[in-house]
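In this document, chain identifiers A, B, C and D correspond to the written order of the chains, with residue numbering beginning at 1 in each.
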Amino acid sequence: MATQQIKNIASYRVIYGDTDQMGVAYYANYLRWFEIGRTEFLRQVAVPYTSIEEKGLCFPVAEVSCRYHKPAHYDDAITIETSLTALSRASLTFSYRLFRPGRDLIASGWTRHACVDREGRVTRIPADLEAILMAQISSYNSTSG
Amino acid sequence: MATQQIKNIASYRVIYGDTDQMGVAYYANYLRWFEIGRTEFLRQVAVPYTSIEEKGLCFPVAEVSCRYHKPAHYDDAITIETSLTALSRASLTFSYRLFRPGRDLIASGWTRHACVDREGRVTRIPADLEAILMAQISSYNSTSG
Amino acid sequence: MATQQIKNIASYRVIYGDTDQMGVAYYANYLRWFEIGRTEFLRQVAVPYTSIEEKGLCFPVAEVSCRYHKPAHYDDAITIETSLTALSRASLTFSYRLFRPGRDLIASGWTRHACVDREGRVTRIPADLEAILMAQISSYNSTSG
Amino acid sequence: MATQQIKNIASYRVIYGDTDQMGVAYYANYLRWFEIGRTEFLRQVAVPYTSIEEKGLCFPVAEVSCRYHKPAHYDDAITIETSLTALSRASLTFSYRLFRPGRDLIASGWTRHACVDREGRVTRIPADLEAILMAQISSYNSTSG
């Protein structure tokens, strides 16, 4: 493709409350960081998640996958790299890579989301939103097969 | 008083995700355990919190206080002792004591709640609910002054 | 096989702190419930995780996968069904199914763990532990491929 | 005093995982934000908490108090204002004020910490650290009485 797809770069500082007694970040917290990544991705492409909610839609997570490569430690300023790697009529997939300072890869994963209306019914992604998202689909970093 | 006020006894097993790298439970998690305590207290006096929500009311926390006496560790089966220690027209206070096996006191505290309607306005606790709660006010274990 | 493999059944009551503003349990919290499941599985086969830690070993999560079928709601008493579905020299995989009351499947998933020593090196699962675990490998409910 | 005491200003963006089904941030999460505040305070006065841990010391929370004035909502970029409001030989108290954009006060509170060594014994704050902290004690915003 001629255009460059957005790869959002967010950051997060690991707090004590994120760690467990193994001395590293607890595995469930990575999913919170994935959320930070996709939220900032949507903000960057000018469709903040709050605007999606205002249209009566939400994107609940239908499936998540995460591989833990190296541990994240207390006070690490981690980098969250997010791209949009799949899009269908009523579903979208974000892919993530988390790095420690120095570009050590600590985790990679993806989340697949349904597009759902206020009554919880799966619904088609609105055309204007679909167009914006379509332009951002990246084959880079796809780990969702 | 002639009657005995209820002191609810709930329990919770500390998981890895509750601990931090100091090897003990992270301090914010005790507030989750307070929630377990007051939820089970309300269930025990036959006004489960879901029934309060169905009436269009909720009890958001207006203030919390917690003293940490001894650490809670991974896999501890802690006991949560909850009593109702204050009640006014639109506010109620629960008090809590947390124990490790063997009755070591690990924490004590209280939460003060407002009674709020769907629009977020402070509202009077309904008379039937107030009557039930009034019968359960305990002077025992009050740490809320 | 002649013997019946263990499928541990644990339970958890969803609290307010587990929900998000969509009115359902936040997706990261399911990973906490997976932890409850595997902890109780290990306790049931008489190798509680604390005993594994006492040997200087731990089982950090190397990979997680979770599919969300139906939402879990506040105050749901969910059932966590855990089985051991793969075992190799230095790795083991647990599979999980979460149900709401009435046997509605809300989520299914698995976690793959490495066996690691105090210095963080991948290490062989001790022979006595391996024997206990080997007897419990279940093909039932395997979602880990 | 002639000198101006530091009042650290940190910020945090509320995520979905911080909210509950009331549509506002869950009350326990404010204690995570208090942690962010005191961590950044210590970094600003050049004694990052990691350096305190390297000396074999830690500052577990002995008591917390929090008043919730207005709710924090999803995607709010909140401001965390932290000051040091008390110091004794083996104890220190941080005070916090949390604001929404526009300077709406959402919460105020404090945490009192013990100074503890690796064996968990209360120990005197080292003289060099005490001197640095002493210069930062602020009477402003003290709510710890």
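Here is the rule we use: contacts are C-beta pairs under 8 Å (C-beta built on N, C-alpha and C of every residue); 3 or more make two chains touch, one makes a residue touch a chain.
Predicted model, so just to flag it, every value in this text is computed and none were measured.
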item: Contact-richer chain pair [A-B vs B-D]; value: B-D
item: Recurring contact interface, reference A-C, options B-D, A-D or C-D [over half identical by residue number]; value: B-D
item: Centre-to-centre distance between chain B and chain A (centres being mean Cα positions), rounded to whole Å; value: 35
item: Approximate Å spacing (C-alpha centroids) for the pair chain B, chain C; value: 30
item: Chain B and chain D, separation of their C-alpha mean positions in angstrom; value: 24
item: Set of chain D residues in contact with two or more other chains; value: 16-17, 22, 24, 28, 31-32, 35, 74
item: Residue ranges of chain A in contact with chain D within the complex; value: 13, 15-17, 31-32, 35-36, 39, 48-50, 74-75
item: Sites on chain A touched by chain B in the complex; value: 16-17, 19-24, 26, 28, 74
item: Residue numbers on chain B that touch chain D, as the complex places them; value: 22, 24, 27-29, 31-32, 35, 58, 60-68, 71, 111, 120
